[in-house]
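Read from first to last, the chains carry the letters A, B, C, D and E; within each, the first residue is number 1.
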Amino acid sequence: MFIAKVIGNVVSTQKIAKFRGMKLLLIQPYINKEGKLQISGSSVVAVDGVGAGVGECVLFTQGSSARLTPATKDAPVDAVIVGIVDTIEVNGVAVAKP
Amino acid sequence: MFIAKVIGNVVSTQKIAKFRGMKLLLIQPYINKEGKLQISGSSVVAVDGVGAGVGECVLFTQGSSARLTPATKDAPVDAVIVGIVDTIEVNGVAVAKP
Amino acid sequence: MFIAKVIGNVVSTQKIAKFRGMKLLLIQPYINKEGKLQISGSSVVAVDGVGAGVGECVLFTQGSSARLTPATKDAPVDAVIVGIVDTIEVNGVAVAKP
Amino acid sequence: MFIAKVIGNVVSTQKIAKFRGMKLLLIQPYINKEGKLQISGSSVVAVDGVGAGVGECVLFTQGSSARLTPATKDAPVDAVIVGIVDTIEVNGVAVAKP
Amino acid sequence: MFIAKVIGNVVSTQKIAKFRGMKLLLIQPYINKEGKLQISGSSVVAVDGVGAGVGECVLFTQGSSARLTPATKDAPVDAVIVGIVDTIEVNGVAVAKP
């Protein structure tokens, strides 16, 4: 999984039937560099599996495992938000969330 | 999933039988940088699962999940267009589509 | 899928039994930049699923979907050539194949 | 698999039910360059499958295979720690672990 | 698949039960650039499926397909060596193996 910040959302009307009712969030993955979280330089569209909102720090899963949440079962989905991050610690010290 | 722009198409006559009748589109993935969508510097050939055309902004799925649309069932496909994007919002503000 | 040019081949005698009889081609993936196909800077060994030869422009599939061709069924294969490319069009104009 | 160092942990309360009870570790992948292990420049959140702790050098698995440990069975997980590394040898010489 | 050179090995005692008895090799992937094989700048830990040794040039498979060899069946493995490379030809000319 990777850590990301929810930065927006995507709306699509003409889409595969299994996407109906799914909330599609635009997320910005973060990686740790020298004890600080920094933007990885990419962005992903993930299905919201936990009720996340813009500005929140989340954990997301990619690949076939993204189909194993109640919100994404058997859907052609390759990225899903699986948790809202409360705290991140590096070497025992809390890191500021993005 | 990732956001992409449909920029062209690919024709192949000599191919795996399961590709017969599939529309193969050349797409250019976009990522968000500082609130704007920018070319990610790659290009992908994706099966069209929603009736997309050149110039449209789409959402595509990669990996094993790309086989879970009606157009790609059980086919040796690793990328499929799953939706046509209507709007993208970053921090509550609509972003110009590519 | 990605577009690639077949540049050579690989021979292996001591190998997993399921690879027996497979033709292994060395391919060079191409991506589209500003309307032209350019080398992506990587190279892949793919099983030939369509009778491709050195110098040809092909389409290949990666990941678990690479096992879904007659030539690769249930084999420990992660890349397969699924088509020989006839034409590529970007914005309605034919692009020179690599 | 890749070699990584455990550098911290992530806590999430609001999450997919299948993540309950899982220990989520922040890990820093390492790659070999000229006989030395160096930071790859990324970071991953992996489920702990072996009882690893901060500061330890571990081996982790990504993708669908990450669901094949007792700790991650059928969960929407794409990275899991599968072993604690004792020694790494390059060309017959032990390499300092990160 | 990718071409790689076996450069070392990794030992882990505390590990997932399914890893018992597996030989874990450290490999350095190579890609083709202008007709020569060059280090790709990464390193991977792969299960040995063919009896490879340090210094040998091998072919390896990644992802879910890595579980489809006798040595890796149903194990949480994402990389396996599937063949020892005898010869590599680019445009009909043999290339020096790494």
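Definition applied: a contact is a pair of C-beta atoms (placed from the backbone, for glycine too) under 8 Å apart; a residue touches a chain by one contact, two chains touch by 3 or more.
The structure presented is a predicted model; accordingly, all values stated were derived computationally and were not measured.
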Chain A-chain C separation of Cα centroids, rounded to whole Å: 32
Chain centre separation (chain A, chain D; CA means) in Å: 20
Multi-partner residues of chain C (at least 2 other chains): 63-64, 66-67
Chain contact graph, described as a line, ring, star, complete graph or other shape: ring
Going round from chain D, first to chain E: chain order: D, E, C, B, A
Interface residues, chain C side, partner chain B - complex: 1-3, 31-33, 40, 49-51, 59, 61-70, 80, 82-92, 95
Contact set on chain B toward chain C in their complex: 7-16, 18-19, 24, 26, 28, 41-46, 54-55, 63-64, 66-67, 74-79
